[in-house]
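Chain IDs A, B and C follow the sequence of writing; residue 1 opens each chain.
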């Protein structure tokens, strides 16, 4: 058997199976600089050690999505190298700040399997967790992917479909945020006077700006995350694919939408949880990504006077400004929609 | 009113107004690596902690232009988001070294306003300053930009046009350079035997090398500086613009010219001041930038035996080598010229 | 004489000549992040401070090839600015780990010269060494390049052709690897159960994955290494060249092949030596690089119970998967081959 791995197939997984993923990764200020260069983030907490320390952080934590992408990347060689499609996320929680110098590792547990009716593939449900060097869980998420079978004739296990929450409950949303004195929070430096209380449920915000993707950029990003999914890097193979081009890692688009949403949520410095997300259409180099958001819920966080939570739905589009808030009409997404993300951000009160 | 900001318009400014810009920024060695990767700088002081320490620096300071771009970037959302054009710079002084770990913030003061004759825009003059976490001013510059009015019918304030020096005087030029023992300066490691005294006023130097710009590169650079000017990032919107393409941030071209000028000024490790600069023509991806320089002045710096100053004019071109020193003939620039920069560098004696 | 240097020509070199190269360089975690983003390396030792410390390293060492490229880059302005071709490498040894914070300098000695029969150029042989700030030699290599003469009529020195080893002997191969307790080595985190003993001489491994090169990527890489060879950066000049395009730095392709070879050699975390290498064909933006390897030798390292050495031949191709192990037939390389590299990796026993 060759020493070069070709990844697991659907029949290699069983419910309850634990996977310990390779390549521990020390996150550094170099990763933070690259992340800034890739997306142009401007949240003060992640940008300034001084600002972060004034709120009780040890130093500026890394962007929540940078930590997510790194942990996600580790799961790819074991979970999704033979994936046909990434189908969904749920119960993604950011539980502790990640600082430059922290070393992340990742493990996953298989929580569900369901063969498709054509029997050549199956839906795999896993819960993945990222840990720091003190064995603290820094983030946790469930995802489901459709994975090819090595051999369609192989029998499949009985289906197990896990129950996943449609929305992460508010009580654990601020575990990664130190308790801070609200008056020390400098809205001028943060870039907006709009704090938690000023957002209304149902309010819509067009984030205005568009950013065009280049192949070099998404490749740099995806390799930075040590994500090995083949479709992002190999034009020679992709030209035979139905799209004829390299696909942009979906997480790259999430990070673009998040960075663009700074203009509207400048004080929403922390993603506390991702309730669910759908990559409605693939992105390619040359596409220009825009985004708008709607406030789905505004809630207090138990035992926290300093911060509250906003549940947001952020829609990203390509080559279509969001002045008219494109979204979903019935079961169909409007033209140009590429991402539909449901998540919680934490914001000072 | 939407929570997504669309920037200030000309009638939002008044002389004497102070603006405190958002997003404090801790500069790191990651930023330095990216800066090196973007431009290929080779000045020993900025490249080596050991070399810098041998001269009295705490460690290698970051490139002066990296600090400039970061401070400049902070001013964009408040000053120039609705700019029609960046018209000029003056009195830009680099006053203290910036080290990895320092956190930069920026403020500006409006020092002049003048409505245009068409009354749909005005020229705004601001002085912007960058500070470190000890509240020391690390750099200061004046710039003027043409900014659209929200409403052409609005009355404009009386014009105030500030008096700005054509040239920064030599006496403050070395405040960011520690006093050092000249014999400890290692010209071999610096890359040239040509020190301050060997340059003659009127001497011209072709810096020879050309560097081709890629969209991914100038986008990474401009986002690293957290500069939010829309024209650099959005191909979808730019294709309707007169150029049909994303414009390269002018500061990116300045940094390219500076890096190229190492071949001729290897010992000119510090930009002490920028007297003025003009972006003669825009640059786009695919353009190859060349540069040449002329020595305008060579001057002692009061109370400094170790270093002197050279006033340089660096001309950058695109798709045109500088063997014949293209410049300005009468009021017109020669074909291919993109930048005309007048600045002081400090060099060991 | 202009202060802008045009590099040395063949007649400027003589056997025994020592060259001290410019621009000392402090390597940082920012460089490491960029290296990861450029190639997607996943070796646990270089990726995780925790993993590296568990083996006795002070912290995660930087990738061997990153150190190589930085030292190599320093030699370019003095050695190969007027090179017609890079002809070969030999006796490249990685002698000590390089850590973020270390400052690298480089020196070279001319060890051979031989004028070509056409008398307009000559083959120059140099041995170059890289040092850290404690004056320890961290790497050493010989290379030979064909360098243009300034004046074909100039007399040439008598030819001196150095004797260079076809293969670095095993006894010094692990000087950069701390002695470690083999049981502490975590194969799960490293990504493979295949240790030194499981590889057989003659075994071939297709590394499967392909990576497409972008101009922005190889330019960022080559500038990060402060390598000033003109052919990599200047499309305006290159369009008149026989290829019409910017050439990718050969070292970029070596780093790509090395990163791709992780899938097959996940435990081969250290390149101990490069015995020789040939850039069979140039690479350009748009090319997709694949790689496969053959085990040439498997040897013990004297006085080391913890690690052994594998001598590998890695062949990289462009736009050709390596499922059929393309290589050399007689004197001719198969279509698509771009690199033929002979080197030693160290692997736990």
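The rule we apply is simple: contacts are C-beta pairs under 8 Å (C-beta built on N, C-alpha and C of every residue); 3 or more make two chains touch, one makes a residue touch a chain.
Computed from a prediction, not measured in an experiment: that's the story for all the values here.
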For this session: Mind listing the touching groups among the other chains when chain B isn't counted?
Result: one piece
For this session: Would you mind working out whether chain B and chain C touch using mostly the same residue numbers, over half shared, or mostly different ones?
Result: different
Exercise. Which whole number of Å gives the spacing of the CA centres of chain B and chain C?
Worked result: 36
For this session: Provide the list of chain C residues touching at least two other chains, using ranges where the numbers run on.
Result: 28-31, 33-34, 214-217, 220
Exercise. In their complex, what parts of chain C are in touch with chain B?
Worked result: 2-6, 20, 22-26, 28-31, 33-34, 77, 101, 103, 105, 133, 214-217, 219-224, 226, 228, 230, 233-237, 246
Seminar exercise, completed: Within the complex, chain A is touched by chain C residues 28-34, 36-44, 47-51, 60, 188-192, 194, 198-199, 205-212, 214-217, 220, 263-266, 286, 288, 319, 321
